[in-house]
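Take a look at the structures listed below.
Look at the two complexes coming up: subunit A is in both, with subunit B in one and subunit C in the other.
Up next, the complex of A and B:
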């Protein structure tokens, strides 16, 4: 086909390009605006007069002498101890990713290599579990956890998040292992490896692309979770997202809204970096489920 | 793979799922049949020198505490919690049905019952956001597909942001912008010249804001999947359609859309599941006065002001799980048939 036949006529090209530009603005502007506004004082970012206040920082200059202020960040990180929840988030996300990938690769590999009937049932059960709203599960945990005295601690939340994460991890890695030829590990077993040796020596070296993609989504689940961590962690053990929600409770006090804005920007920054470096893996992960599932 | 090896491999994952997903569901079932203890009331006689003795009922705090320690589940209530006013509200709905002023009145009064209020927003959100987000995602995918490759990377980067961002954080970012002192809210006020215009003031505006937020949050997923699907459209078919004289629109309608249909089913399934558990936006937008969801109702019961209402939360959870199963049933039935055919 000649390129000219594929080319859009000019009006259509303008509409279509304009639409894409409009979408990019809609997608990106809220983030840019909030990052910009987080360096202003509350009277500017939530101006009663005009939003130009937030752009020029009229009251920020009047109050602090400069057009940008990091008071919000200082308040959130130092005064309200956002730092400790950042550390908690780090512990939770890293543990969840490592544990759920370990469980998930073993389970996903088994599901992909076994032709028995029960694999179907396990996968179906996983699909139903995947659809459960997390808060319904939390309402099941809460009372037993209180009774067993394990409520409020990080390991409790970690193991719960791992379990909530399992259905998705299993599906994803199952379909990834299906794309690795069976012959690979079977020939290793013909050569005298046991099943586990074949897995360790032959499959593990080639599975990293799928594991990294799945790991990204496990990370996102643990990082973005609000329902589980808000209900299962005690105040000092809170991770970032419930901490931000707790800032909102004290919003009436002057300046605290800016603490929340600064905390929100701080919590979004790692995700920006993640998308920047792993865009390709995220896109392939989103589509992998669609193409194979 | 022999059974032994299979179970050796899947054991950790299976144990985690049984312990923390299957057992909690059992625990929810059990809890939903119990209700918290009533306060223990004891009769106390107080005598004054002149007025004689009076008997009065007092709440015995110590005895109540002891009872709760002994039986943390509460007392057995059967299906009582399911049909009380905060859940299916059988007697209230019965009263409304037997005495009302027409359909509008029925809807208005049933909507005022907490469970039906939560259910109606959950269903509206699920079934409005999902198709609209898919439509928007498809349109973006078509647009991006026609753009020079050099710009595609950055466009995909920015497009991913609304989806990847923490739901609560995304909701807050939008909420601050549309609040009456934020950039969008204030601009709308000046456009309509109405200083009292506030997205929080009416239920309709709150619903619209949350649905727009939902579309913004969900569209990137459809976009990415459909965009990947567009790369695999068979060029031969497109070309032969062109030779046959199909217009641009007809090529989309009769070649591209049928090719993307299996992907669309997948996207619809995932988004229905995710939107049915809508929760964070309600917290982020502080919209609980005008819009609640099933997930939010459970959350609200669990962090009740005085005591966590475990029984009530569990009953709502059971009804939610029932909803999920109904939602999934077409998929489950279809997969079951396909599996049997193999």
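Up next, the complex of A and C:
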């Protein structure tokens, strides 16, 4: 904003700036507080006396000799082997994104270009499945999974997550494909492409923002999922989110809250990198939707 | 390079008829224009030839190949779309090269062919640009260049000029005409603009509501329209049409009386004549009425009259002046008149020498 371009009355400028600052602080505070607290000991971060303990780290200094400690990270990553769940998460998310996008682009394209009336009903059915609580799919299939002896493995969780995610990717990619003029595929086909070549060589290159945006949403769904992964994965195959939950402990077993806090911070960091990296594509994918020729 | 034959081609969607029983032989190297108002089936006909639309009935032959079941890519045609259909992620050079790439033309020939096509459509200075950085006319030329980069059996052009401004339209029109002459490739051109049709075509097909109204050379269609639809569609202004009655060779309607017409028809007819064939006179003549409006066209003056429900226009010299409301007479000799059936709109043939 150039200073001369938009002159606001001073009180309004102060109020609006103040409001924005307040909003940013409110939105960012929980995360910043967690990051800060992850370097303290539990008695400080969850102090019963005063929250100033968490800021000054009185007991952290008493126990470790320094105001900051990486005990939480050490416990989560080394003692409790958080790395294996990171790898599991990686496998699950990458598989879910790749499978969802493969079917999503092909199906979304077919639905967008088909002139048949049943496409509407397919999309309506997809919407219904999208609206369904995730746990429905899990609870219905839990027994068959036990009987078929496929409970606890990563591929099972991947299939269920794809099933949950697919209606959404179909919808999203369908509307992206609709925004691409039909003339584009048709001129490609006249120029010598088969339907699939037109899709691969002409339509998909124009669709990148849409594919990346949809891929990111699929990624977040798989990454953050708790209901499915917690129910379907055995202990050694757990992904990050159920693992973090298990750090908190159960009725039988005492947990270590600081391990969970450190793991949460570790799990959030990649998201920042990801969003920062794809920022431009996401914004153009979310706002534009249309591709001008 | 080949002729194109359409045999009883029809297109239906459920119970809507898009194109009805279209039969036509298009000669090798002919420039054929499909002309009609929007929704008349002209674009559908072209898309069926291109293979972008299924054919409900009939046969389409390209040369000696029956192409009904062939994919667009196997029909060996190239097409220019109304919205150009350029690939936004590729440069102009890559856009023009694309047909060569997907058709597996040997790589070493690409550059030469692309440059040749780019030169023909005058785009050599813009080869590294993306379509988004081009003006409408330049985009249109990229689409043309992409169509001519290889030698197809036929060119199909779907209203290629309709997105351009009036001035650019005239120059691009000339360019298309010249390209077709140089390349000698059978061309089918769809338009709703009768001036484009008249200037470009070897033959014009006038269509309405999926039915062919008339096939003929531009002169033919202008001078001898087959029915009132063609008469009212071709020409600027369109042919004047007046409903009235004819008896013993004399046509009568309110404010107009023409003697010496053919004597073989009696009863209700529609009389047609062109604005430039009639002339304004101060006294006598076949038409006498109050001037409804006067239009200065620059090279001529157009006087119009309200005859019944119809507006009748008559052209006069550029110096001619009259006020709205003046009573003026016009000479409409029988020789310039066309008669159409009042019910069907079909042309009533002139009886030779009566």
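In this section, the second predicted complex is superposed on the first by the 253 of 293 C-alpha atoms of A that agree within 3 Å, B and C clash if a C-alpha of one lies under 4 Å from a C-alpha of the other, contacts with A are read in each partner's own complex, and residues count from 1 in each chain.
By our rule, a residue touches a chain if its C-beta (ideal position, glycine included) is under 8 Å from a C-beta of that chain, and two chains touch if they have at least 3 such contacts.
Note that the coordinates shown come from a computational prediction; the quantities given were computed from them, not determined experimentally.
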(request) Report for A:87: first if it touches subunit B alone, second if subunit C alone, otherwise both or neither. (result) neither
(request) May I ask you to name which of subunit B and subunit C touches more residues of subunit A? (result) B
(request) Please indicate which partner A:186 is in contact with in the superposed arrangement: first for subunit B, second for subunit C, both, or neither. (result) second
(request) Go through the superposed model and pick first if A:269 touches only subunit B, second if only subunit C, both, or neither. (result) neither
(message) Quick one: is A:201 in contact with subunit B, with subunit C, with both, or with neither? Answer first, second, both or neither.
(response) second
(request) Identify the overlap between the subunit B-contacting and the subunit C-contacting residues of subunit A. (result) 291, 293
(message) Show me the residue ranges of subunit A that touch subunit C in the complex, using the header's touch definition.
(response) 181, 183-184, 186-194, 197, 201-202, 205-206, 291-293
(request) Using the touch rule from the top, collect the residues of subunit B that touch subunit A in their complex. (result) 1, 3, 5-10, 12-14, 16-17, 19-21, 23-28, 31, 72-73, 136, 139-140, 142-144, 146-147, 153, 155-162, 164-169, 172-174, 176-177, 179, 181-183, 186-187, 216, 220-221, 224-225, 228-229, 235, 239, 242, 248, 263, 266-267, 270, 273, 276-277, 279-280, 283, 286, 294-295, 298-299, 301-303, 308, 310, 313-314, 316-317, 320-321, 324-325, 327-328, 331-332, 335-336, 339
(request) In the complex, go through subunit C and note every residue touching subunit A. (result) 50-52, 71-73, 77-79, 81-89, 98-99, 102-103, 131-132, 143, 146, 156
(message) For a test of understanding, state which residues of subunit A touch subunit B in their complex under the given definition.
(response) 1, 5, 8, 12-13, 16-17, 19-20, 23-24, 26-28, 30-31, 33-34, 37, 45-48, 50-51, 54, 102-104, 106-107, 109-111, 113-116, 119-120, 122, 124-144, 146-147, 159-160, 162-164, 166-167, 169-170, 195-196, 199, 220, 223-224, 226-227, 230-231, 241, 244-245, 248, 260-261, 264, 267-268, 271-272, 274-276, 279, 282-283, 286-287, 289-291, 293
